[in-house]
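There are two complexes below, and they share chain A, which is joined by chain B in the first and by chain C in the second.
This part shows the complex of A and B:
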C-alpha cells in the first residue's frame, strides 16, 4: 500500500476556492483522506477527534492565522507531532523564521502548481 | 490533474463568486477606514480581501490579477503594520485600486482583455506611496524542510483509522478540564503517590488518563528514584479549578501542574514557552498514541477503551458549518442556479392563474360562498399568495451591491469634472428583485453622473452660494406602499427652469407661448431629444439622455419623477414594483375591452354626477373632487376604443394618484373585481403602445392588457396639467 492511500491530511483555508484547489491537487496525487475547514479553531476541534498526519494551512486567516494554529497544534499533546505545511502569499523572513521556531515542517509560497505542492509534501512525509 | 478538469472549472466559478463577496467587504472596509475607523480589524479585513483574491487568482494562473493584487496588498500590509500612514489621498487611491481590482476580476471571469495600462498607472501611484520597502522573501531552498518521520514509522499505517486513538467521540464539552501532571523527585521523597492523586482527581468526574512514556529510558539506564512519567487527565466535570487544585494541595511545588480548558492551550501561562525545543521534539520518533499508551499505563486506572472505533473521518467540516454573516449572526447560505428559481417563479405564476380560473368556475357553478368548497378555495388562495411571496423573496436581493457600484461612479465622475463629491447612501439593505437590480445599474449610473456633472455646481459657485465646497449626492432606497422607491438627490443649484424652457422651445419640443408649471418644465428633461450636444461634457455626454433613463425605468414597470428647488438641489425619484411577476390589479371594462390597472394607484372610485364635471374646452374636462379639480381622462378615448364624448354624467371614474403627487380621474365603464394577476411581458415584436405595460391571463382564460396610468397620462403631454393649473388659479 502506497503512502498516499494512508496519508490523512487536513486543509485549513478561509477561502473555499483555495481549499478546493488544494483538495483537487491532493486528489490528483491519489490522496483521498482529506478533510478541510475554514479556520484554525474548527481545525483544532476536528483534529481533537480525528487526527491527521499532516496539516496544510493558509497563513492569512481571520481569527487565528496559520502560525497561531501551528502554535496551538504544537502545544496540544495529541497534535504536537503532526506535520505542518504553511501556505503563504508572502514568505517574508520574519514569518518563516517564526514558523521555523514553532516547528513548521515546510512552507509553500502562493501561487503554486500541483507539482510544487507535491514536492513540498514529499519533503515532509516522503514519497507519496 | 487532467482528468479533473470539471471540478477545477467549478472551483474557478466559485472563486469568482467568492471574489464578489471579498470585493464587497473590501469596499466596506475602505469606506470605514475613510470614515476614520481606528479598528485594526478593519484594515485586516481590507488586507485579507485583496490577499485572498490574489491567492485564488494565483491558483488559476490569472497573472495580471496576481500582479496587481500583490502590490496593492503590499501597500495595505504597510498600512496594517503602521509603517505607512494612509491619508485621505491614499484612501482615494485605495478606492481606485479596489475598483480596478474588481475590473480585473470581472475581466478575468469574462475572458476580456486586461486593462494593463490602468494597472500600471495605479501601480506607479501605489509604489510611490510605498517608498522602498524591502520585499525580501525566503526562498524555498533556504528552508530546510522538517520531516515527520513519525507517521512513516508507524508499522501499520494502513490500519491507522482503527488503531489511532480517539478517546472522545466528540470534543469534550465546555465543562471539562485538561490536567497535566508531572511529579518531581521530591514528590516521591515526601511519600506522595501519583496513583492516589489521580484516583482522587477521577472522583471529581469522568476522567480519561493518558500516561506519557516518552521520557522513559531503556531499562539498563533507568534510575529507580528518578521520575520519568507524566500524566494528562481529561476530566469531565462541572467542578471549578480550585477543586482540582485542592487534589494537588499537598504536593504543591513538588510537581509540574497545569490545569486548563480544552482548546485554550496557548494563552495559558502554565505551558512551557514554545521555541526550538519543540522543533527538536517533533523531529523525534513517533509520539506513542494513547491507545498503546493506555495499554502500558502503569497507573492503576482502568485503561481507556482502546477498542472504541475511531469516529468517521469528518468530511469537509467547514462546509457544513454555518456561515457567519457580517453582523455576526450565523446564517447558512445555499447557492442556487438562477434558472431553477426562474422555473419556480413561472410555476407559481401558473398556479396563481390556475387558482383564479378555479375560483371563477366555482363561482359560476353557483356555489354558496359559505360552502366547504368556497372556504377551501379561500384557504388555497391565501396559501398561493404566501408561496408567491416566499418565492419572490428568494429572488430579492439587497440593493447594496448596486449602491457600491454607484459609489465608484461618484468617485470616477467627480474626479473627471474636478468636483469634490460625497456620496451618502441609505437603505442599502432594501431588497429588490434581482432582475430589477441588474437592469437598474445603467439608468442609475446615468442619473448619478448627471447629478455630479449637471446637478452639482463647481466648487467656486458653491462657495459663492455659501455652500460647502464638497457637494453631496444622496442615494436612498426604501419600501413605500408596496413599491421600492430609489432616490438620487444632490444639493446643487437645482434646475435652471428658464434655461430648460428656452432649450425646449428652441428645439421645438413645446410651443413658445404655452405657459408651463415648474413641474412640467422639470419634466421636459425626460423628453426625447431634449439632451443636447451643447450639454455634452466629458462625463454624462454619452449620447444618452434622461429620456433613455425614463424608458429603461418604465420597461421595469417603474416610474421616474423629478423634484427640484432652485439653489437647493434636485431629486430624481424612481418607483418600482417589488416584483416583475405579479400585480395586485383592478379589472375593469372599457368600451367592451377588459383591462387591468395596478390597484395601488387607485385612490377611490366615484360615480359622476351632473355637477361634478367642468369643461375647460371641447375635449378637455376636469372633475371636482372635494373642492379641488382633477383632470378627467376617458380611457376609452385615450386608447382609441371610442370617439370622445361631451357628457360624462353617470360614468364610473377611478381617482388615481401618481408618484409625483399628481392626481387624475379615469373614466371607465365598469369595475369587474380586484385580483392578483400574473404579469406576462409583451413580446418585443409588438409595437410599444403608450400606456400599455404588459398583459395577463385572467381566470376565464381571457387575455387582458395591463395599463400604466402614469404613462397614459404622460402620453397626453404636460399640457393638460398646465391648463388645469390655470383653472385652479381661477
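This part shows the complex of A and C:
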C-alpha cells in the first residue's frame, strides 16, 4: 500500500479558497484521507478524537495563528509527534526561526503550486 | 485646449470645498472605496476559484493567481478595518486641507476623487456609478 493511501492530513485555514486549493491538490496526489477546519481551536478539538499524521496550517488566522496552533500541538501528549507544515505569505526569517524552535517540520510560501506542495509534504513524510 | 480662467475658478472652488472636509470624512470615503474594491476582489476570487478548482489537473499558474487574489482580498479588508479603527483619531495638521486639483492630477481615474469632493455640475456628465466600467 502506498504512503498516500495511509496518510491522514488535516488542513487548517480560515479562508475557504485556500482550503480548496490545498485539498484539491492533495486529492490530485491521491491522498483521500483529508480533513479540514477553519481555525486552530476547531483543529485541536478534531485532532483529539481523530488524529492525523500531518497538519498543514495557514499562519495568519484569527483567534489562534499557525504557530500558536503548533505550540498547542507540541504540548499535547496525543499530538506532539504530528507532522506540521506552515503555509505563510511572509516567510520572514523571524517567523520561520520561531517555527523551527517550536518544532515545525517544513513551511511553504504563498503563492505555491501543487508541485511545491508535493515537494514540501514529501520532505516531511517521504515519497508519496 | 485648456482654459486658464476656468481652471482657476475650479481650483478656487476646490479649495473652498476641501477646507470643510474633515479628516474623518476623508477616511470614511477611503473606507468606502476600499470596501468596493474588496467586493470586487470577492467576485473575482469566487469566479476564478469555481473554474480553477474544477480543473483536472490543477493549473499551476492559475492556482498561484488565486492565492494572490486571496491575499489581495484579505489585505483590502484589513486596510478597511485599520482605517476605520484609527479614523476617530485622525485630523489634518494645522492649516492643511486636501487640495482637489492636486489629488485629481495624482490619480489615474478622476472617479476615485469624485467621492472625496462633491460633484460639480461641469463634471456630472463624466460620473460613472458602475465600478465595472472603470475596470
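We take it that the second predicted complex is superposed on the first by the 128 of 128 C-alpha atoms of A that agree within 3 Å, B and C clash if a C-alpha of one lies under 4 Å from a C-alpha of the other, contacts with A are read in each partner's own complex, and residues count from 1 in each chain.
What we mean here is this: a contact is a pair of C-beta atoms (placed from the backbone, for glycine too) under 8 Å apart; a residue touches a chain by one contact, two chains touch by 3 or more.
The shown structure was predicted, so the numbers you read here are calculated from the model rather than taken from an experiment.
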Query raised in the report: Since both structures carry chain A, what do chain B and chain C do when superposed there: clash or fit?
Result: clash
Report task. On the superposed three-chain arrangement, identify whether chain B or chain C touches more chain A residues. Result -> B
Report task. Could you say whether A:53 touches chain B, chain C, both of them, or neither, answering first, second, both or neither? Result -> first
Report task. Look at A:32 in the shared chain and tell me whether it touches chain B only, chain C only, both, or neither; answer first, second, both or neither. Result -> neither
Requested in this report: Please work out whether A:110 is in contact with chain B alone, chain C alone, both, or neither, and reply first, second, both or neither.
Outcome: both
Query raised in the report: Thinking of the overlay built on chain A, is A:15 touched by chain B (first), by chain C (second), by both, or by neither?
Result: both
Query raised in the report: Thinking of the overlay built on chain A, is A:24 touched by chain B (first), by chain C (second), by both, or by neither?
Result: both
Query - First, second, both or neither for A:89, with chain B first and chain C second - result: both
Report task. Report which listed segment of chain B has C-alpha atoms clashing with chain C; options: 167-175, 185-193 or 419-427. Result -> 419-427
Report task. Go through chain A and flag every residue that touches chain B in one model and chain C in the other. Result -> 15, 17-18, 20-21, 24-25, 28, 60, 89, 110-112, 114
**Report entry** Touching residues on chain C, where the partner in the complex is chain A
**Finding:** 45, 49, 53, 56-58, 60-61, 63-71, 74
**Report entry** Residues on chain A engaged by chain C in the complex (per definition of touch)
**Finding:** 15, 17-18, 20-21, 24-25, 28, 60, 89, 110-115
Report summary line: Within their complex, chain B touches chain A through residues 1, 4, 7-8, 10-12, 14-15, 18, 44-45, 47-48, 51-52, 54-59, 61, 66, 70, 73-74, 77, 136-140, 143, 145-148, 150-152, 157-158, 160, 164, 166, 168-172, 180, 210, 212, 232, 262-263, 265-266, 271, 274-276, 278-279, 281-282, 286-287, 289-290, 310-311, 313-319, 321
Query - Partner chain B, residues of chain A touching it in the complex - result: 1, 3, 5-8, 14-21, 24-25, 27-28, 33, 35-39, 41-46, 48-51, 53-54, 58, 60-62, 68, 71-72, 74-78, 80-83, 89-93, 96-97, 100-112, 114, 120, 123-126
